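The following blocks contain the structures, represented as structure tokens.
Two complexes come next, and they have one chain in common, chain A, joined by chain B in the first and chain C in the second.
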Partner chain A sequence: MKFRVERDALADAVAWAARALPSRPPVPVLAGLLLEADEVGVLRLSSFDYEVSARVEVPAEVIDAGTALVSGKLLADISRSLPSKPVDVTTDGSKVSVTCGSGRFTLLTMPVEEYPTLPVMPDASGTVAGDIFTQAVGQVSIAASRDETLPILTGIRCEIEGDQITLLATDRYRLAMRTLPWHPGDPGQSSVALVRARTLSDVAKALGTSADVTLALTTGGATEMIGFEAGGRRTTSLLVEGDYPKVRALFPDTVATYALVGTQALTDAVKRVALVAERNTPVRLTFTEGLLTLEAGQGEDAQASEAVESTLVGDELSIAFNPQFLLDGLGALNSPLVRLSFTQPTKPAVLSPQTDPEGSDDSSYRYLLMPVRIAG
Partner chain B sequence: MRTRPVILHLDLDAFFSAVEQLHKPSLRGKPVIVGGTGRRGVVSTASYEARTFGVGSAMSIFEARRRCPNAAYLTPRFQAYRAASRVVMAHLAEVSPIVEQVSVDEAYVDLTPTAPGIDVAGVTELAEEIRRRIHESTGLTASIGAGTSKLIAKIGSDLNKPDGLTVVAPGAERELLAPMPVRKLPGIGPATQDRLHKYGMHTIGEVAAVPGKEIIGILGKAHGSAVHQHAQGIDNRELEPERDAKSVSAEETFSTDLTDRRELMAHARRMAGRVVGRITQDGLCARTITIKVRSYDFSTITRSFTLDQPTDSLSKIMASIRQLLDAVDVSDGVRLLGVGVAGLTDFAQTDLLADLFGERDEAEGEAGEPVDPEAVVVSDRGPILATAVERDPVEAQEVHASKGFGWTAELDDSPPDTSEVPDWRPGQDIVHAERGPGWVQGAGLGRVTVRFEGPHTGPGPIKTFRVNDPDLSPGEPPVWQRPEEALRIHR
Partner chain C sequence: MRLVIARCSVDYAGRLTAHLPLANRLLMVKADGSVLVHSDGGSYKPLNWMSPPAKLTVGKPDETAAEVGVTEVWTVQSAKTDDRLIVNLHEVLHDSNHELGVDPGLVKDGVEAHLQKLLAEQVNRLGDGWQLVRREYMTAIGPVDLLVKDASGGSVAVEIKRRGEIDGVEQLTRYLELMNRDPLLSPVAGIYAAQEIKPQARVLAEDRGIRCVILDYNEMRGLDDVETRLF
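Here is the complex of A and B:
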């Protein structure tokens, strides 16, 4: 195997493929990055940890076609540090040499025959706009759980129904839901997938710069898998198993009270009063006509309060939240105004984005937040 | 370390048994032993009358009964002790805002804010006044030590016990400590003592005379330097006034070692129920769940788990306990099991999915098996170490004590018992519909013997009833108030 490739193209490709490398590989070859150079002038890099696979293709000047398996971490470190010059990669017996400018590295190879076969990308199901996909995943993944003891909650539930995708995630304390349009191959499509939030976030960030991202889903078979492809990069992931709780029903049907507040003003105020909220003690929000008062800290501890202009429709109300959970929701709205909808102080509140103070909220995103109960 | 004797250490004398003797006039002047009364129970407090028979705290009840068969053996009435303790601590709070309550019956006071320039005579007068006020309002006697540090104050309170006072003049610390055995220093248990003995050091003075480097070589850096400083009479520990409870826990010693996980879980569930009951009563939630497992050979481990959000849900706490206990080898037999919670907060993040994910464990708990009610002690231990292996129970006890028990809340009495036959325990307060209040002198064979007396009645008569006599019901601890009467009775 012998090829020449542009330094930036190589560094980007290696970085992308190396993300899926397991930090503690169950078998040594899984720490490797598979390099495949073929005659048509394509260099293909792949990684796999039995759950997630990543593959990327970049144009290269291929002199001799061939394959090699090298340490992914080392190759990533090296390619990132190379000067901006063409990179020559050559196999030499059981070694691979990487030459760039006057620098030269020699890497050991691992046996290619021992490397597992990468899963086949499922057939394409449709496409989604890259920027919308990235934004939507970002808005929902904040609510996914990081607690591995309950694996289903570490996932984002993707519900595909005709030309709409709904993403849902919850960690038991908040629940985020985003609906986004897409272009299904089959307009009558209806399927559901639970994808690890960490994987989906990584994919969305990496592929979101492309105009269109192709989604591919196989469910109901022996291996349930989702695939994503854009701009020569593709990744597959096994789905998370288990029955996701029926969380859609948790959004209240009715709204007793709602308030409109400037998103940035509220975010800044929460950040300020939360300075006294040690270890995420709650921030209390009291809504009165025209004014929202925030308070944090109590008893003998430090205290803070601040008032923010707000429009209230309905009865006055006081409710407390974990400040970080509240900030997560506010940060995901991407709108000048936030509408906070309530039923009771002990029941969940719903945050939704709004642009026009006289108009209605944008129902494509909702962030439901459970209040904090304070003694006494 | 202060330049004047402004640190006080107060220790109530034979506290539990003293309260019992006050509330039960027939026991005054007689040996009284408070503790678990089952086969594996341990002495909590022995009255001074019982101590003359060689009975001391932490001794097994079995051994105590052998040495002093005629003592009154009572189960603890924590509610009564807490009430008395609150009165005592209130007196200390009047003297200075800096009070570190170490346990129900022990506290340090730092007079620096209120009397920074006080001298030995002044401290003597003030300490006597505190002792007098405590005796007037509770009938209890307290011993006080005063000195320039916690170490000296603590040593001092032990010197003239009971009902005594020792004020150590500044500068006299080293001389005072020199002849005492090394065990008197905080943090020195039997193991450390043995090491020091091996190097020929038996008294504190002998430790003080050796260069610090050598002690550090023997005991390690942290421990060695602390011990060496203390031996010189130098102690720079500040008081740690408690604001709130830091943790609540319950533990049980079993009458036979348990190996059955289901049985252990049943005990754990019952204790967790009490712990949760206690924190919810104060409107608190907890983040850290701890279990303590003492094996047949007294080796003790604690394991803890911290939740992402505080909770007061028994099912969530039980889920953590189950996880923790599953990771512990119990095949050799568990002698003692404890469960506790820490990281207490007065707020709870409500759970969106509480209704969706079943409360299975809680339902299971309803069918909890009856457990023998011996030796349930709940105390506050300050922050619990994530993992600690204690090989030596006595040393471990000292480590805890030096860290400070803070507020000690013992969970009292039996949980609401649904069974038809009441479980009368010796010492328990009881009320007879016609005869009024008294206490359980003994129970068994379907009978319960009650002595009808109170703090201000003088020794009263006894009478025996059927255990399920409908006229009998559990009573509240008697109230010790009227100081003039207290004086008359006790002096």
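Here is the complex of A and C:
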């Protein structure tokens, strides 16, 4: 195998493919990155850990076609540090040499025949705009659980219904839901997939720069899988198994009180006031006509309070939240105003984005947050 | 157990030398021969100590020492090495002796046994339609924590730990190998259940086809506070 490739193209491609490398490979070959050079001038890089696979194709000047399996981490570190010059890669017996400028690296290879076959990309189900996809996944993934006790909640539930995708994630303390439009191949499509949140947010960040991301989903078969493809990069992941709890019903049907606050002003104020909130203590929000007062700390401890302008519709109310959970929600809104909707101080509150102070909120994103009970 | 609170200075001589200047300290003389010098801080850690076997001799100070105010000199000689702990007491503020008797030892709170009992009662946590066959299912090399049947009637051996380390996986692997030789049970699948599973242990278990399950002890024993959560 012998080929020449541009440094930036190689570094990007290796970084993408290296994402699926397992951190603790049970079999040494899984730590490898498979390089395949094709006569037609295409270099293909692949990685696979039996759950997630990644594959990318980049144009290369192929002199001799061939394949090689080298340490993915090492190749990623090397390609990232190379100077901006063309990179020559050649196999030499059981070694691969990488030459760039006057620098030269020799890497050991692993037996290609022991490398598992990558899963076949499922048939395309439709496409979604890259920027919207990245934003939506970012908004939802913050609420996904990182606790392996309930593996189901470490996933993001994707519900596909016609030309809409709904993403849902919850860790039982908050719940984020986002609906986004997409272009299904079959307009009558209706399916559900549960994808590990870490995998999905990695993919969304990496593919978000592309105009269109192709989604491919197979459910109901022996192996349930989801695939993403954009700009020559593709990745597949097994779905998380299990029944997702019926969480949509947690959103309150009616709203007794709602308040409108500037998102940035509230975020800054919560950050400041939360400085005195010790571990596991809440920030208290008191809504009165025209004013929202934030307080944290009580009794003997350090205390802080700050007031922010707000518009209140309904009865005055006092409620307390975990400051980090509140900040996560505020950070995900991407809107100048936040609408906080309440039923009771002990019942979950809904955060939703709003742009026009006189208008209504944007229903495509909702962040449901459980309040903390205030003693006394 | 003899407790002495005294103004003293302490020297350690032997493999390493250390000096504690004059101050008020607690001296613990234990029945096993050990002597520990504690300050009012540093939690369980003494400032200096002599491990057993050791012998404590109480002597008179020599003239130069007596002139600076030393009233008593304790020499704690290690029986195994040449190490010595020398305590120069200037003033004894408290001296008491207590007979503590034989200590029953530390009893772990029995979480592992309790987890086994709870999981035996709540087998459906492992899967719908699963049933318990027996707790402490006996094999030739020891008992398996739980033997259960999955929804389709297949045998599953469950090993329960508080902290899932790599040796627990080895233990379960040995049981599985033996149980799979039994034509009445075979094929036997394995589940490694713990409150926390170390990443190395998880990789090894999953590589051997053993499923890992994290147990929430508080939730299993009904101490879960649902009120603070959405559901």
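Note that in this section the second predicted complex is superposed on the first by the 375 of 376 C-alpha atoms of A that agree within 3 Å, B and C clash if a C-alpha of one lies under 4 Å from a C-alpha of the other, contacts with A are read in each partner's own complex, and residues count from 1 in each chain.
Rule of thumb we're sticking to: contacts are C-beta pairs under 8 Å (C-beta built on N, C-alpha and C of every residue); 3 or more make two chains touch, one makes a residue touch a chain.
Values in this document were obtained by computation on a predicted structure and should not be read as measured data.
Undergrad: After the chain A overlay, clash or fit between chain B and chain C?
TA: clash
Undergrad: For A:Leu175, using the defined touch cut-off, is the partner it touches chain B, chain C, both, or neither? Pick first, second, both or neither.
TA: both
Undergrad: Counting only touches as set out at the top, which of chain B and chain C does A:Glu148 meet: first, second, both, neither?
TA: second
Undergrad: For A:Ala320, select first, second, both or neither according to whether it touches chain B, chain C, the two together, or no partner.
TA: Once the two structures are laid over each other on A, A:Ala320 reaches chain B alone.
Undergrad: May I ask you to decide whether A:Glu300 touches chain B, chain C, both, or neither, giving the answer as first, second, both or neither?
TA: Touch partner of A:Glu300: chain B, not chain C.
Undergrad: Of the partners chain B and chain C, which touch A:Val372 in the superposed model: first, second, both, neither?
TA: In the superposition, A:Val372 contacts both chain B and chain C.
Undergrad: Using the superposition on chain A described above, determine whether A:Pro282 touches chain B (first), chain C (second), both, or neither.
TA: Only chain B is touched by A:Pro282; chain C is not.
Undergrad: Could you say whether A:Leu250 touches chain B, chain C, both of them, or neither, answering first, second, both or neither?
TA: The answer is both, since A:Leu250 touches chain B and chain C.
Undergrad: Of the two partner chains, chain B (first) and chain C (second), which one does A:Pro26 touch, if any: first, second, both, or neither?
TA: The answer is second: A:Pro26 touches chain C but not chain B.
Undergrad: Once the structures are lined up on chain A, find the stretch of chain B hitting chain C; candidates are 9-17, 261-269 or 477-485.
TA: Given the superposition on chain A, chain B and chain C clash at 261-269.
Undergrad: Can you give me the overlap between the chain B contact set and the chain C contact set on chain A?
TA: 147, 170, 172-175, 245, 247, 250, 348, 368, 370, 372-373
Undergrad: Sort out for me which residues of chain A touch chain B in the complex.
TA: On the chain A side, the touching residues are 147, 170, 172-175, 245-247, 250, 281-282, 300, 320, 322, 325, 346, 348, 368, 370-376.
Undergrad: Can you check the complex and tell me which residues of chain B touch chain A?
TA: 243, 282-284, 308-309, 345-354, 356-357
Undergrad: Going by the contact rule at the top, pick out the chain A residues touching chain C in the complex.
TA: 24, 26-27, 147-151, 170, 172-175, 245, 247, 250, 348, 368, 370, 372-373
Undergrad: Tell me, which parts of chain C touch chain A in their complex?
TA: 197, 199-200, 203-204, 206-207, 214-216, 227-231
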